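The two complexes that follow have chain A in common; it is paired with chain B in the first and with chain C in the second.
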Partner chain A sequence: MLVEQKKIDEAVATIIGFGGTGILNCVQCGACSAVCPGVKAGFPLLCRNLIRSLLNGQLEEIIEDSSSWGCQACNRCTEVCPQGVRPQEVVFAFRRYQANELAFSTSAVTSQMNLYETGHAVFTDPKELRRQVGLPEVPPTSAFNKQAQEEIQALIDNGPMGELGLF
Partner chain B sequence: MEKIGLYLGCNIPLKAPDIEQSIRQILPPLGVEPVDLEGAACCPAWGTAPSFDLDTWCAVSSRNITLAEEQGLDIMTGCNSCFGVLSEAKHFMEDGERRRTVNQKLAKINRSFEGTSDIYHIAHVLHKKVGMEKIREGLKFDLGGLKIAVQTGCHSLWPSDVYAVKEENPYQPTILKDLCEATGAEVPHYSRLGACCGMGGMRSTDMEKSLKLFKEKLVSIKEETDADMIVTTCSSCFLQFDMSQPILRERGEIDFEPLPTFYYTQLLALAMGCDPSQVAALSQIDRSAIIARIQDEQRLIKEVA
Partner chain C sequence: MAKVGVYVCHCGSNIAGVIDVSAVRDYAETLPDVVIARKDLFMCSDSGQEMVKQDVRDGLVDRVVVAACTPRTHEPIFRAAIEKAGLNKYLFEMANIRDQASWVHGHDHEGATEKAKLVVASAVGKARHLEPLEDKFVDVTDAALVIGGGIGGISAALELANMGHKTFLVEKTPSIGGVMAQLDKTFPTNDCSACILTPMMVDAYNHPNIETLTYSEVDDVSGYIGNFSVKIRRKQAYVDWDKCTGCGDCAAKCPAKTPDEFNAGLSDRRAAFIMFPQAVPKKAVIDMDACINCGGREIGSEPKLNKKTGAPILAPCEKACPADAINRSLPLDPGGRIKEVEVGSIVVATGYQVMDKGWFKEMAPDSPNVITALQLERIISATGPTEGKLLRPSDNQKPKTITFVSCMGSRDANFHTYCSRFCCMYMIKQARLLKEKYPELVINMHFIDVRTAGKDYDEYYTGARRMGINFFKGKVGGLEMLPEDKLRVLAYDMESAESIEYASDLVVLATAVELPEDAQGLAQKLGLQFCGSNFFRELHPKLGPVETSTEGLFLAGCCQGPKDIPDTVSQAKGAAAAAAVPLAQGRVKIEPIISEIIPENCSGCGICVPLCPYDAIAMSEWAGTARAAIEMSACKGCGVCTSACPSGAIVLHGYEEDQIFAQIAALTSGGRNHAG
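So, the complex of A and B:
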């Protein structure tokens, strides 16, 4: 594979900009991949493999790969990494790069809409179930609380998520 | 009575309110008063703001934390994901520059993050603040002779450097084991104890990969422990064990009946004599037989009864 320094610099700067600040500490030892449930389940581009691709300057080339969305965010990788890379932050930085290019599955849009409208990423009308178990129908959360919802909307609107045209 | 902010998250109040009810019923007799955090929103879940922008994540998490700060309370959550997301956000907010940026966002909704509230999982509150002795004293039924396989879940274990309460060894967690043993039940070890159940982003991204991981864990539990039930302190793991065992059974991928699964506070509430129609009412897997065994009158502890 032909490796271009300019592409490497661009990939590294992108990942660091999205929060994967430890990427350059990686020595490709693979401890992260050894404990990663996503790697075990068969996602091809997580932990060591993802970092290797990025350090080879691949970014656009792998933008459609869904592995990063299979990351469980469990942070086993962060716990074992001997170099302080915090590999999960690199995986999430790559995911943020994908998300900001709208390279994510349409199924992920629903939870963004739910969060924006109700303050809950997972939302179903709970009233009947809550009544059944003897709780007040309306939970003390943002679910039916207009002021809380407006606060969440303000926080989302005032950032990159608000500029994606999802809401 | 010690007060603590009850942060509910999404799944517990909206999909599994019997877990919420169990939390609300067990705490006061154990000397803890849960205080509602009115208007609390999603933590926000890993697949939402954390997947788009670090500062938006920190802003939404910090807003939730300020709801406890303004009442002078620590936060307790029953959801592992919420515990992980809030703890990590608080960790990120230790960076002065980030805190300034995020507080500028929060100022627009008249809030300010101060970092004065600690984040606890309910398992930590029960284990460290309430303690095993008090739990044992509150029991109405002794669960001796019942066998439990425990599932701690990922997000209260790693990365240990951001958590207020840590396991001695996160790969061999013992907090939930201690809590279950306090009921009198037996908690045998199994080899995949520290393994992921496959719920979360993995399940929504690729259900077959998720089920593959789940099956390996489940079979390890069944073959190595032959447990009567599974008990977890993660509401997402609870959903995976409750939803996915029937799928594997239906497909003929497992040759045993699904193991009834409880969130820990449901088990404790049942052992304390609470009404199952309120504290353990909602599940795909039929739990009536094991609930009857838990609340069998032969298990009554005489002094309490």
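So, the complex of A and C:
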């Protein structure tokens, strides 16, 4: 690995831009990783190690790594961090970067499409079950409401997700 | 008419890297009364000073302006130079174009140059109006006060006493010795702490020039360098120390228990107690907060009489004392008594405390097997609660695995951002001592970084690795309580980027070093300032490490910032040397930059008297009427009285009205020459 200041600056600016504003406070003490359930589960690039990679300017090199999606958002890292890094925000900023580069798995794309079309990321047809228990077949959700779907699509189209060009 | 010489300094690139020094020099030459303007790479160098001196000797200039750095460090140098050349040293003015221009406007070379010109013009404006002044002198009391009887205070006191100065050594606890007396061994040589400290304690106590006042606190300080008046409160021990022989019989009979501070709360002591076996002086104290007044023997009460024999019923402590040193019938004042001393200089060596584990909620502070490093020190010390055997507090069993956690509250934005500096070394020391004694003990040490800067320190650390002590780089994130009083350690290994989790029998926290709470009150009494880390502030972090902003007041040891024993002793000896200077000189110089009241103009209104922050002004009689008068040795030249006097009767020499107006005129001239 070379130390390339341009790449380091770019990685830091990207993460700060996506909300990981404390990244430069990190002194690599490792307290976050000591309590991280994701690290314990074996995800290699979480907390301390993710920040290290980013501070080495390895933004593109790690873009396909799926560790960030292993973060459970428990925020224990934020509690124990002695420097106010808010590591979870860095992980989420990296996720946003990945999402913006469409660097996430295809299964995630499917659920995004579901969300866009029905208002539900995960959706199964409820009609049969509802009939069995004596409820009206059509539930009062966006999945069966054309106007609600249009409103959801308007929100997504005009938000950061719309900019991904998925839909 | 004044003949002003202006000398502009490059200060290497400090100034010239930003400011066009030639342009400033050219500009200075055009200012009124400036007869000569020169520049030099380093004005404070020998050749730079010689340049100024030669111009003075040649009669070219009779006022000198040096445009360079801060007067705080360099004004004395140039004053001395012109004095040597035969000019009154107060006919000198400094223009600080480094701090006020090049440093703060580094991004704007042109603007900084323009500002430097204004700063020089201002200094020249003042210099044209400068008048010669004479230094004044006051006699000093040849005695010193050392506050704090730890290794720092003892070292400073011995140094001062050996130089022949009477020294008062004040310590708030019943014995001198400080934290060092609580330690088992000391790094990097593993000397037994008591073996090297105790003789020094005895030396200090028996020194003919040292008066040791333990169980005493400084109540009030007034005065100034050379002549401080100090009120020392000798706390009420409820034992007549003139009679007490330190036999400890009172403690043996006393039934009232309270946590033993000397053992860091790991064991109990009695209300009547001797601080520790090697205490100096070895005197008993009755702690009234813990005393239960056996037999209704409140202090100052008449004893009840035995119904059968008619004999008085005494408390066990007074009955036990073979020296008759405890008499609870006496109406002893709980406030103790005040001893007043006069000293010429003061060394503050009040030491530190370590944070309590209770602050760290994620570190299972409720477990008895989570202890601070100072508590471990007591456990492994032969004078401690387990007589030196490693036994964990919950069940007095020997642990198989012990964990050390560094940086608890240090290097932590939630507590203290600074490094506590000696924890890495004492943790390694404790680990080494334990590994030597118990080779089978598993020792896991977790650090953010191992910081072992110091003579023979890194060798001590690498030696510990060779002894089979396990080092992990990575801060411990948390502890969890497990059955059998074990602790689950949630840690991380930076090098392999893997989390670590294991059960430990005993966990030692290296909690942060901080200033004790009562230091705040002392600071107010002494006029000490605090630094950003909330320790006492030294005069200059590099060049004035033992001095303070109050002349005659010096700092030593951890009250100025965390430091280990070698550094504390070094600083204490430095502080003692600095504190001895006024005592050795016999008189101190009072700079004439102080205020003077012109009695003819004073109306005697007295407004200035309460305004003076140094209590230097009092009303006195002048030509049969009351007039304000300033005690010259107490005046610091702050100028508050001068600006407040409704009659304009107070002159602040060195900052006189015409001088200040000339400065303002120059600064507001917009760079145009101002002949006024």
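We take it that the second predicted complex is superposed on the first by the 153 of 167 C-alpha atoms of A that agree within 3 Å, B and C clash if a C-alpha of one lies under 4 Å from a C-alpha of the other, contacts with A are read in each partner's own complex, and residues count from 1 in each chain.
Please note the rule applied: a residue touches a chain if its C-beta (ideal position, glycine included) is under 8 Å from a C-beta of that chain, and two chains touch if they have at least 3 such contacts.
Quantities reported herein were computed from a predicted structural model and do not represent experimental measurements.
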With both structures lined up on chain A, is it a clash or a fit for chain B and chain C? fit
Rounded to the nearest 10, the angle in degrees at the CA centre of chain A toward chain B and chain C equals 90
Looking at the overlay, what does A:19 touch: chain B (first), chain C (second), both, or neither? first
Touch check for A:73: first (chain B), second (chain C), both, or neither? first
Does chain B (first) or chain C (second) touch A:84, or do both, or does neither? second
The answer to whether chain B or chain C touches more of chain A is B
Of the two partner chains, chain B (first) and chain C (second), which one does A:31 touch, if any: first, second, both, or neither? second
If we overlay the two complexes on their shared chain A, which of chain B and chain C does A:39 touch? Say first, second, both or neither. second
Please indicate which partner A:142 is in contact with in the superposed arrangement: first for chain B, second for chain C, both, or neither. first
Is A:129 touching anything from chain B or chain C once the two structures are fitted on A? First, second, both or neither. first
Should A:151 be classified as contacting the first partner (chain B), the second (chain C), both, or neither? first
Which value in Å is the smallest Cα separation between chain B and chain C when the structures are fitted on chain A? 7
Touching chain B in one complex and chain C in the other: list those residues of chain A. 40, 76, 79
Sort out for me which residues of chain A touch chain B in the complex. 18-19, 37-38, 40-43, 66, 69-76, 78-79, 86, 88, 92, 95-96, 99-100, 104-105, 107-108, 111-112, 115, 119-124, 126, 129-130, 132-135, 139-143, 145, 147-149, 151-152, 154-156, 158-161, 164
So in the complex, the part of chain B that touches chain A is made up of which residues? 8, 10-11, 13-15, 17-18, 20-21, 24, 36-42, 44-56, 59-60, 63, 81, 84, 105-106, 108-109, 111, 154-155, 157-160, 170, 195-196, 198-202, 204-206, 209-210, 212-213, 277-279, 281-282
Per the touch rule above, chain A residues touching chain C in the complex are 25, 27-36, 39-40, 44, 48-49, 76, 79-80, 82-84
Quick one: in the complex, what on chain C touches chain A? 362, 407, 411-414, 448, 473-478, 490-494, 497-501
